């Protein structure tokens, strides 16, 4: 790991100071964790009986069913939202003004309404009768489709102008320019951001608890509420287990994004792969055209972390 | 019957509730987010680790799960007597701070290299470099993503409505329990959210403009 | 710098291990056996399934076709409508009523498809047809009658208060001034107790069981809703909670069904009456609510369906 440009290589005094800081910092960090653990212990949250509930086949089956239900919604909503995003993005970039206006209005509207309300409204039947499953899928599709459409648009705008001009110059029609030249490059450069938004989609499936869809969080609440052990409701335990599941799932997706980003960087197409940060920020970086600061992540690599939008 | 006129005071209460939640959480998120971003690039390893952990954990947990922690675990284990508004602000604010931290960090990345080098060469310490040179310049690039983060925050406060907080979503549930037509309720609630999100959007546009001029 | 990766790996491994082993593990019901709801009594109950049931109703026809009757129930109310999360078995008085009605409509207990429906979602679930019948502490009132039809009442509950065992100040609805009282968002007892007459500070959550958890955590002082529900929680947390005061409202429970289905309404009414007459109702009551301390009262006479 190279030293950061933000601070000098430490001299002898600074090194001593850094050691002191490190010791104090670690002590504070560990102290904080220890305090929480002590408090948990004091309240009897480490009682084996409370954790034992997860050893029952029934509870495990329950969690597995809920996990599958969550993944099912995520898979459908993920695919649909991408398809919908392409459609919206094309409309957004259309040459016909009315089409463009409708797309802009649609995207702006649904990006501003809380997803929770969209889902609830779909379920109670604004659009006719939808089962909780489809209400959740459609709600996630609309919302994330709008966000992904904006991501795609940023990607298309980032494709060097010459590409488009060259494509028109060799006589391609607009649809061909879009499908053969612009979209592949835009999707490629925006993949990390797209996947980060998929992480958001995955997390947002948890809003299904509002409309009685039996996803992970719904099941977590029922387990915490219905399985008292010695008169203690196992909230701490269920939160720990379900939190780990969610974080695990999201991290897997994030890793895929990192991996793609690295692969993309290796390829020499001359198109920058968004370092999975805010599209806006990367645009500015490209526009300013100056050498920019790169602060190495503690791991010595840039982390993928962009979420253009962060609904729950 | 007209839902809006019959329940104007309820709607106002919900609207103010949403504004209050958003405002307080945004403040918490900005302060924590900048601090955590600073931690992540600081020379002291435990701070870097803390920053990374903070961002990774909070960004990969659904907000609803954080609400469960705030309302059922924190009071039981750590602090028993917290107001539900404070708990909701903590949940929303902590969650959003992770996103703010990332936006700030990528903003720092866009500051020209020479700036930090120059700062160092005239003998500035890390805190001085950050406070006087890097962060002010990072602001310009951080503003646009911040606007979308805060719009998301506004919408996320709806989850607080299910946890003992009066906000627009909570009002919509109360009214639909009273037997009002659900479509009309949703139209008004949506309009109220649009007002808030467009206000935030406009505010940040203005900010962006001013910062651009200042350069 | 490795920490983040290893911590994350640990989380993933834990999650995978948990799901991968989902087939193994202990059998039976997790949690508190001695104090959890005692369901031994209901095991013995069974109702004769009518073979030739015929109702001239689209909901019924559809149910017959799919071979399943979809019944909406509560899942977190011990002795009324409760679902054991490790065995997925439902128990309680409402569940027994549902089984009786289903039997007379020609559906065995196995042919019932249960759906958990929370209080705030009941009207929507019924009027949209997500559930064929809603049997879950469903109070009959005029506002709801605009959206759904009812059969009943089959039981009378009344709003009451649940407090911690060592509570001394709260003795009834008159003594809750400035105390923190919890119930679910928009529920009727909550609207009542908020009024200046009682002057309580209210906490609104989305499930009663979450109120009970907060009560045990000392975050709130009392939970208010129907006494039958509260007694179930008191029995579930024996020695820690108690129900106090006289009921301060009347909550007649009914079976909710889609509006305008007179034939089904009549069939359900007949089913409940028949099982009341042959003693099933009393047996079911004693095996469920009786265990949580409710006194048996003869079922109320049905109100005019309209």
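By written order: A, B and C. Residues from 1 in each chain.
Quick note on the criterion: a residue touches a chain if its C-beta (ideal position, glycine included) is under 8 Å from a C-beta of that chain, and two chains touch if they have at least 3 such contacts.
Here the structure is a predicted model, which is why all the values come from computation and not from measurement.
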Chain contact topology (line, ring, star, complete or other):
complete
Looking at B-C and A-B, which pair shares more C-beta contacts?
A-B
So, what's the distance in Å between the C-alpha centres of subunit C and subunit B?
38
I'd like to verify one number: the distance from the centre of subunit A to the centre of subunit B, where each centre is the average of its C-alpha atoms, in whole angstrom.
16
For subunit B, give me the residues that contact two or more of the other chains.
49, 52, 56, 72, 76, 162
Which residues of subunit C are in contact with two or more other chains?
4, 8, 210, 213
Can you list the residues of subunit A that touch 2 or more other chains?
124-125, 221, 224, 233, 235, 247, 251, 298
Show which residues of subunit C lie in contact with subunit A when the two form their complex.
1-2, 4-5, 8, 11-12, 14-16, 18-19, 21-32, 35-36, 75-76, 82-88, 115-118, 121, 124-125, 128-130, 207, 209-210, 212-213, 216, 236-240
Contact set on subunit C toward subunit B in their complex
3-4, 7-8, 120, 143-144, 146-147, 185-187, 203-206, 210, 213-214, 217-219
Over in the complex, which subunit B residues touch subunit A? Could you list them?
40-41, 43-50, 52, 55-57, 59-65, 68-69, 72-73, 76-78, 95-96, 99, 102-103, 105-117, 120, 125-126, 129-130, 134, 140-142, 144-145, 148-149, 151-156, 158-159, 162, 169, 172, 176, 182-183, 186, 189-190, 193-194, 197-198
Parts of subunit B lying in touch with subunit C, wherever the complex brings them together
49, 52-53, 56, 71-72, 75-76, 80, 84, 162-164, 170, 173-174, 177-179
Where on subunit A is subunit B touching in the complex?
4-8, 10, 18, 21-22, 25-26, 28-29, 36, 39-40, 43, 45, 109, 111-117, 120-121, 124-126, 199, 203-204, 206-207, 209-210, 217, 220-221, 224, 233, 235-236, 239, 242-243, 246-247, 250-251, 254, 275, 277-278, 280-282, 284-285, 288, 290-295, 297-298, 305-312
